[in-house]
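In the two assemblies presented below, subunit A is common to both, partnered first by subunit B and then by subunit C.
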Partner chain A sequence: MIEILSQSAFASVQDLGRFDAVRWGVGTAGAMDRLALLVGNLLLGNPEDAAGVEAQVFPFEVRFEADLTFALTGADCAAILDGVPVLPWASTAAHAGQVLRLGLPQAGRWRGARAYLTVAGGVDVPMVLGSRSTQLRGAIGGLDGRMLRHGDRLPAGDAPAATLVAGVVPPGLALPLEADGLPSVRVLPAAEYGAFTDASLARFWTEPWKITPQSDRYGFRLAGAGLELKTQLETRSHGIVPGVIQVPHSGQPIVQMCDAQPSGGYPKVGTVIEADLWRLGQMPIGTRFRFLRVDWEAALAARDAVDGWLAEVRRVAGLLRARKAA
Partner chain B sequence: MTQAPAVSCLGTSAMLFEAPGETTLTNQQRIWALAREVASWPEVREAVPGVNNLLLSFSAAPKRLEPLEMRLLGAWREAAAMPLDGRVIELPVTYGGEGGPHMADVIAHTGLSIEEIVAIHASPVYPVYALGSHPGYCYLGGMDPRIATPRRKVPVIRIPGGAVSIGGAQTGVSASDGPSGWNTIGTTEMVFFDASRDPPVLLQPGDSIVFTVAEIRK
Partner chain C sequence: MRPQDVAALAAEMAVAGITRLELAGPNYTLTLGRGAAPADQGAKSPESEAEADLLPVTAPALGTFLRTHPLHEKPLAADGDAVVAGQAIALLRVGALLTPVPAPADGLVVGALPEEGSLVGYGDRLFDFLPQD
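Right, the complex of A and B next:
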């Protein structure tokens, strides 16, 4: 068991997401930075889709009620375990009664917004409709389908004695993506792309966009040059996915994120490709970033690059565990 | 209105098929048939009907899009309207009063009396076209255009589950508490979503809703 000590945690239990219940109106939920969660699980020898805790408001504090091996990935929050610094992107052994405290995300070469606490055996909440992710609307998954709060206790699943593994370069450093000195995400144009004026589309690709404070797990509201439709469109409700960039009447786009509802009717200028969603999910409020246009082949190449990096992490983590065990 | 079906991608995780023509029950029945067909394709993780459209999420993104697009368009040409023989659920509604805080706006917009609005709202059989928005929520067809009322300029932060509302030319029932830009005209009690059931939803495409008048509160 781990106990949540923070008062208003805004943290939640997430796995890679719920992908087979959209036809029932259930969104995907899931970790905003799937790579970080997945690597956390790899470091512990967990199944890659095991659930962890996503923290997005700091400081964030938990107490271990039993000896437990854990890993911290995602944003580097200068964590301390009973006063001793904890190495991120590595596994660490905690003893019963120890308190883990995550501070503010550190500004280094790469600054994230969300940290992931994974534990050996995974956070063992019930699987609901194929996932343990917290789905707030409808209140399913995670812990009672809600954000965590002070006093909550999360069970860890059974796990073989974990060996300690370190040595993963964070994806923010291993897979950088910038344009004109700004962090960037790649976008495939969507159905209504051609319905916007050429001038506003040109600005969409060349001007920076800022993540406004009205941004959360549901969606990122952006501020920037704005998009204009050539003529008003009739739109009908249809299924959407995280990453879809909707443009409401104001012309300021909203990127749908992991807790977004699974349908929408606003015109869509494009979709942030799956391979880059973690980058956006880690950008703190106030970040200025760029959209980069890609075609299908380039989007698949981006996915292959992430898969290649993950394969290397799997290989290294496996080797390190084997060496420790020997 | 588009004349030809349109296929587009939603990043590398899904593809969207949009049918041409008006939103009609017959067109929607073809969407259901298409959904059933493509759900069995190996590259498709889930086929999700929308209103006159279909989302396919990928189990693995295909190397090339064109062959899948062609198959999709071919399957649409083959898709015959599939009238699903669904259930008809009766929902008793308390119209107006505390549970229908925006009834006054519908009265003001339509120029009809509350009795007329209720009579018009409670008379059709509403087919469930698709599910979306939130767990268990149904997109319904068949509302009488005489009671169409524009969405609210400022959405309401939290309307309760069971709220019966009108947004533009559509009506619906919220399945759980949440924000909404629609005009709430009444309330009903029904559990539309329960993750412990199989399927977890009360209603699916092909089922229908009939609203009955439990009470009118002024």
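Right, the complex of A and C next:
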């Protein structure tokens, strides 16, 4: 069991997401930085889609009620375990009764906004519609379908035979993406792209966009040079996915994130490619970033690059685990 | 086969726990071995009284020696820092993987021997360490 000690945790149980229930109007939920959750599970020898805890308000504190191995990935929060520094993007052994405290995300050489705590065996909450992710809108999954709070106790599953105490070089350093000195995400034009004025579209690609405080797991509301339609559009609500960039009447875009509802009616100017959603999910409020235009081929190549990096982590972790077991 | 390939192969051997590798190409044969005792073990000269109390910290694996985590700007443990047993005081990098070098006891990190970013082998002496009660 893992006990939540923070008063207002604003953390949630997440896995890679709930993708089989979208046709019933159930949003995907899932980790905002899926790479971080995946790497934690890889280090621990868990199934890659095991659930962990996504923390986004700090400090965040838990107590381990039994000996276990855990991993911290995502934002580097200068974590300490009973006063001893814990490596970021690494697995660590803990004893029963020890308290793990995550501080504020560190600027360092790569700054994230969300930290992931994974444990050997995974956070063992019931599967709901094929996933353990917390779906806040429907109040299902995770722990009673809600954010975690003080005193909650999360069960850990049976630990795998061979966990590692090792770390990896984070993807923020291994797969950097910047343009003109700003972090960036790649975007495919979406269905209503051509409905925006040429001047608007030029601004969309060249001007930086800022993540406003009205941004959360549902969506990131951006501030920047506004976008205008050539003529007003009447679109019916239609299916949308995380990454879709909607433009409401204000002209300030909203990027749909993991807790977005699966339909919406605003015109869509583009979609952040799947390979870059983790980058956006880790950008703190206030970040200025750029959209980079790509085509379908480049989007697939970007996904291959992420998959290639994950395959390398999987390979070295597997080799080490095999050696440990031998 | 280029010299850097030999280093890469040696790193792969470390990860896989292979102690001997023989490779034959069209115009070369290569034999790599690891795990042999470091040549200068025992050659340590007792320079001072303090020297006798120092605990050597040796490399638990092969890799690139890093005192500073790739995400950080400051070392995990600077010279003179007090650390507790098991705390990571350096990292050995092989590809994407970082293997922690744990402090052998509660005590002080006196100083590191290899240069930051240099390749170290299994058993190489990494730190002078002063244990404390």
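General observations
To be clear about the criterion, the second predicted complex is superposed on the first by the 318 of 326 C-alpha atoms of A that agree within 3 Å, B and C clash if a C-alpha of one lies under 4 Å from a C-alpha of the other, contacts with A are read in each partner's own complex, and residues count from 1 in each chain.
Rule of thumb we're sticking to: contacts are C-beta pairs under 8 Å (C-beta built on N, C-alpha and C of every residue); 3 or more make two chains touch, one makes a residue touch a chain.
Keep in mind it's a predicted model, so treat the numbers as computed, not measured.
Judged by the number of subunit A residues each one touches, B leads among subunit B and subunit C.
Judged by the touch definition given at the top, the superposed model places A:Met127 against neither subunit B nor subunit C.
In the superposed pair of complexes, A:Ala66 makes contact with neither subunit B nor subunit C. Judged by the touch definition given at the top, the superposed model places A:Val57 against neither subunit B nor subunit C. In the superposed model, A:Phe19 lies in contact with subunit B only, and not with subunit C. Touch criterion not met for A:Leu182: it reaches neither subunit B nor subunit C. Applying the stated contact rule after C-alpha superposition, one finds that A:Ile140 touches subunit B and leaves subunit C untouched. Shared-chain residue A:Val84: touches subunit C; no touch with subunit B. When the two complexes are superposed on chain A, none of the residues of subunit A touches both subunit B and subunit C. On the side of subunit A, the complex with subunit C involves touching residues 76, 84-85, 87-90, 106, 108-110, 165-170, 172-174, 309, 312-313, 316-317, 319-320, 322-323, 326.
Of all residues in subunit A, only 19-27, 128-129, 135, 137-140, 188, 190-191, 234, 236-241, 243-244, 261-263, 268, 271-275, 296, 299-300, 303 touch subunit B in the complex they form. Touching subunit A in their complex are the following residues of subunit C: 15-17, 69-73, 76, 84, 86-88, 91, 93-100.
Put simply, subunit B touches subunit A in their complex at residues 1, 6, 8-14, 16, 18, 23, 45-55, 57, 61, 63-65, 130-137, 139, 175-176, 178, 193, 195, 199-201.
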